[in-house]
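Each of the next two complexes has chain A plus one more chain, namely chain B in the first and chain C in the second.
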Partner chain A sequence: MPLDDAFQALKTYDWGTDRAPVTPITEAVAAAQSNAEARQDLESRLLAALSSDISRDAKDFVCRMLTIVGSTAAISALAALLPDEQLSHMARYALERITGPEASQALRDALPKLAGKLKLGAIGSLGVRRDSASVSALANLLKDADPAVARAAAQALGLIGTPAAAHALLQAQPAAPLQAAVTDATLACAEAILAANDPATALKIYQTLAADTQPRLVRLAATRGQLACAARTA
Partner chain B sequence: MSTIQQSTRRDFLKTASAAALVPYFYTASARASADRPPPSDRIVMGGIGIGNMGRGDQGAFLGRKDVQYVAVCDVREEFRNHAKAQVDGRYNNKDCQAYNDFRELLARPDIDAVHIATPDHWHAIMVIEACRAGKDVYCQKPETLTLREGPLMVAAARRYGRVVSGGSQRVLEDYRKQVDPVWAGELGKLKSINVSVGPLPQLCNLPAEDMTEKIDWDLWLGPAPWAPYNSKRCSGSFSINGASWRSFIDYSGGGMTDWGAHHFGGATFIADVREQQPVEVKFHQDNGQTYLSYHYPNGFVLYHNRPNTPNLALEGSSEEVAPKPVPGYQGEGGIYGDFIHCVKTREKPFRDIELAVNTAAVAHLGNIAYTLQRSLKWDSAKQEFVGDADANRLTDRARREPWAI
Partner chain C sequence: MSWRYVFSFVACLATGLLLTPLAAADDNQTTELRQQIVALLSNPDREFRAAGLDQIRTGVKGTEHTQFFASQLAKLPPDGQVALLGALADRGDAAARPAVLTLLKSGQNEAVRVAAIAALGKLGDASDLPTLIGLLSAQADAERNAARSSLVRLGGPTVSADIAAATAKAPPSEKVTLLEVLASRRARGQVKTIITASTDDNAQVRMAAMSALGRVGQPEQLGEMIPGVLKAEKGGERDAAERNVAQVCAKIENEDQRGEALIKAVEQAGKEQSDQFLSLIGRVGGKKLIDYVAGIATGPDTARRKLGIDALSKWPNSSVADKLLEITKNATDAAERNQAFQGFVKIGATRDNRNDQQRLERMRQAMDIAKTPEERALVINRTRTSYSVEAVRFVLPYVEKEEFAQIACETLVEISHHREVRDRNKAEFDKVLDKIIATSKDAVVIDRAGRYKRGETWTRPKAE
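Let's look at the complex of A and B:
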């Protein structure tokens, strides 16, 4: 069986080895959409490989495959790698693309256990997933002692883009170095809210950001936003 | 990562007194002369990613009398030093500042505009950060690495009213012979064009090598997955077959995006569908040969690698269409002049970022269809595939911490 051979080859796969022997795994993953049984089997094999003693490059490869066929069954194994300096990113590489609230929950649950860059990664992934259930957790991180964490939380809230996310950003009282990130995220929220056909809420946000105390670049952005709101309600 | 936001130098120039400004940037090279505009009328520029294409872009901007070039940035010391020497030689001084980290360059309030020619995996982050910092941007093609990046770049440009131009000069300059008769209505309503370009990007598992150059490897990788240094992995050569970053999926969409930016860009310009994205990508297999057809809302079909069909072969019809004027560059000096003109006038450039993103999207959609070996329906308004969860997983990829967009 080529697929059996490919998983066998994964045991010695590393930077510098031939990629061809593991190619059947790539092909099987691409073809797995219409075959639930094959998909589940592939996922099981990939998770077994992930927990085995294979190279970092081989685990990277496994995570790339789980980006497509990973399901809720893969979440706990991937979440366990989030604190791993070497594998955290590739765990998110798969986790970020797995649909459903469980993957977001795993990323959210990991936040208190992570620090430094790895925490920034998890925050960023929650933003990419536009996980509205994370607004409260991210709002708390706006006050984090690490400015990079607070900045990442602001950016994630901007990507989530809901009225609740905008409210959290408007309530924040960021230190001067964070002000630009919070303002940018708030503008992003207003754009998302306007796109969701709520010009009244978006307009209130833009009016707040049009104050004379804001930098000129922001005031111009807020003015453009107000005009867009007016055009929508005209 | 840091977010930089400030008023632009030109905003500042308009509101501050000239006397207060002079000491800030007034140098011998910056004085007005008979053949150069005064400093207040020049665009102050910096460049990020100055190897290969960036070197050419730098030369084009540096040669302009209405540009004052003040800063270069590259994670390779050799490129950085060479680029600084070029600028200093041009102005006969030592004023050009060289940076390893692009965030330091973007933080300078005196810089109006930047050109970016890094590998593709950096484009979205840098363009968005530049817009937040109030800079106008000329970004080399392909402008995006993933489908999700495009709308975020457009949003940042529009949010801050920035002029952001994509980088393919070929779209207008190479395909004019096809554009003119089609836009004049001589071929009737255009039914299809074929584009032959490739290949797809590949995974890179090149072995670790001793580092023989001074390069900030962590910053070169940036948002891409960690991998050991290898000179081919980070080579900026034009190879799309394994000897440069253009070949590898973590940094590029392969030949599909690299040359696709030109050919798909030219084809969609010829067909006047630059402002749209396809609604469907059909995957075909014909005698063992695979190819694609992209279907646009107006019925136009863009083929990729259609068997027995030359690159950019046009298929017209007897249906009459009214002639229309062909858009082109403004200002003088090709695509670079077009960008500078628009920086001054605040008009949209010929390769406005939204149009460039649409071109890159064609290539990304194709890469995903080939990867999954099936036809895909695309909702461009929602930026998602219709009824294909697996395909939607491929619209983006997690960025290595601390980078995010």
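Let's look at the complex of A and C:
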């Protein structure tokens, strides 16, 4: 079976080697798009490979395949890779695309154990997942001593874009260097809320940002936002 | 801006009420934000003003809001009025029209009046025609131009017919503009009015009418355009009238049908008039018409032959070249021969869809039958339309002949101007350019030859 051979080839797959032997896995993953049973089978085989002693490049390849066929069954294996300097980003890449709250929970649970770029990545992934359940955790990180972490949290809240995320951003009292990121994220929230057809809530956010104390460009953006809200309600 | 919401929002923050979802805004928001838009119109920052104007253009829909925004016109300074008029016009709601008219009637500022006139074009209707037509005689150029543009733009089922009715009664200068307006409106239904004007006693009116017919006329109207050609004074007006008829002919795709339609239209004018249209026939071209004109150009009547040769010489392409060559060879009258020869060289050198070799071949034929130094010089001159090294080789020997040396140098330097030909044959061109530099007495020709030899370009000075 070419697929069996491909999984066999995965054991010796590494940077610089011919990718052709593992191509049947890519093709099988693509073909399994509408076949739940095949997807599940592939996921099991990929997870088995991930837990075995294969090269970094092979694991990278497996994570890429799991972005397509991965399910909640893959979460623990992927979460285990989050502290791995080399594989953390590819594991997040897969986790970002697995539906359901468990993947977000795994990312949130990993936050206290991560530092530096890996932590920033996990925060970013929670934003990409637009995980409203992470607002509280991210709001706490707005006060983090590391400005990069606080900035990433603000950006993630902006991506989540719910009233609660906006509220967290508005309540934050960021230090001057972080102010622009928080304002930008707040505007992003207002836009998302307006796009979600809640002009009344968006309007209140815009009105706060239109205060004379805000920089000119923020006031201009907020003014345009208020007018967009008016157009929706008029 | 609305401070009420800022204060209430800050109060909410203070009491922690925002921990619950933000409350829905009440209906008064619209009114308050409408006020905010109005406030933005007076903002000193142009980007804030633009934000407000943009909302008037595309947001806050509804007649009531339009009227509210229009009511602000009277409260703004002139530049604000101009901006708001533009935004209201783009909004396209006729509910703003009364306020625009009021401002137009009372406004003294030219920029405001121009903006109001322009807005009427988008917001007005047939009842605004008298106002706009009256403004065609305004003192200020900008107002007249705005009125003309608005007449072109004005919408409504009867507007074109109303403009046509006004055209018939208008004084000449106004009639000219209204005819242009009808053409710009593509008012095909009003073509009768335009046809009537094409034989007006006023030359400007006739020219405007024929120009309008060129734009909106259809092949069915060709016969009705012919009296306009006859009425046109010979020279510029006649040329323009012929071009407009040719423009309508060009709407017939099939060449034979085009020729038949024109012959039919011309014959409606009567046989005795038909010779007056040979020039027009030449402009339109086509195989059917070649036979028609060639019959006259080789017929028994000397005067008609002259007209026929003239028509062949104006042909839009080289399809008549053989006919002109034949006439040149067979002509017994020297003047007639010269006329046909000149026409042959002109047509043979025309840069139409033939290639450079085909054009050069025509020039070789012309040189073979040239009888005088003037005719040879003409051929050398026109060879410049063949951008090829073969053309250079054809002309080069004449550099050695004193009577042709200067025109030959001029032609050679013109061909050398084309880098794509020159660069492919650099060694040969370098020798030719050296020869030009050594022979020519024209400083510009020598300068150009030097530039081309150095690989430089040359820009023709603009005519003053």
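To be clear about the criterion, the second predicted complex is superposed on the first by the 234 of 234 C-alpha atoms of A that agree within 3 Å, B and C clash if a C-alpha of one lies under 4 Å from a C-alpha of the other, contacts with A are read in each partner's own complex, and residues count from 1 in each chain.
Note that contacts are C-beta pairs under 8 Å (C-beta built on N, C-alpha and C of every residue); 3 or more make two chains touch, one makes a residue touch a chain.
Quick caveat, the model's predicted, so the values are computed rather than measured.
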Clash-or-fit label for the pair chain B, chain C on chain A: fit
Partner chain in contact with A:V218 - chain B first, chain C second, else both or neither: first
First, second, both or neither for A:F7, with chain B first and chain C second: neither
Touched partner set for A:Q155, first chain B, second chain C, both or neither: first
Inter-chain angle, chain B to chain C through the CA centre of chain A, in degrees rounded to a multiple of 10: 20
Winner by number of chain A residues touched, once chain B and chain C are compared: B
Partner chain(s) touched by A:L227 [first = chain B, second = chain C, both, neither]: second
Partner chain(s) touched by A:A181 [first = chain B, second = chain C, both, neither]: first
CA minimum distance (chain B, chain C), superposed complexes, angstrom: 9
Residues on chain A lying within both footprints (that of chain B and that of chain C): 216, 220, 224
In the complex, chain B residues that touch chain A: 1-8, 11, 132, 134, 148, 155, 158-161, 202-203, 205-208, 225-228, 371-374, 388-390, 392-394, 396-404
Complex contacts: residues of chain A adjacent to chain B: 13-17, 19, 30-31, 33, 57, 60-61, 64, 67-69, 86, 88-90, 92-93, 95-99, 117-118, 120-121, 123-125, 127-128, 148, 151-152, 155-156, 180-181, 183-184, 187-188, 191, 215-218, 220-221, 224
Contact footprint of chain C on chain A as seen in their complex: 163, 167, 170-171, 199-201, 203-205, 207-208, 210-211, 216, 219-220, 223-224, 226-231, 233-234
Chain C residues within the chain A interface of the complex: 1-2, 5-6, 9-10, 13, 18-19, 21-25, 29-30, 33-34, 36-37, 40, 45, 47-48, 51-52, 54-55, 58-62, 65
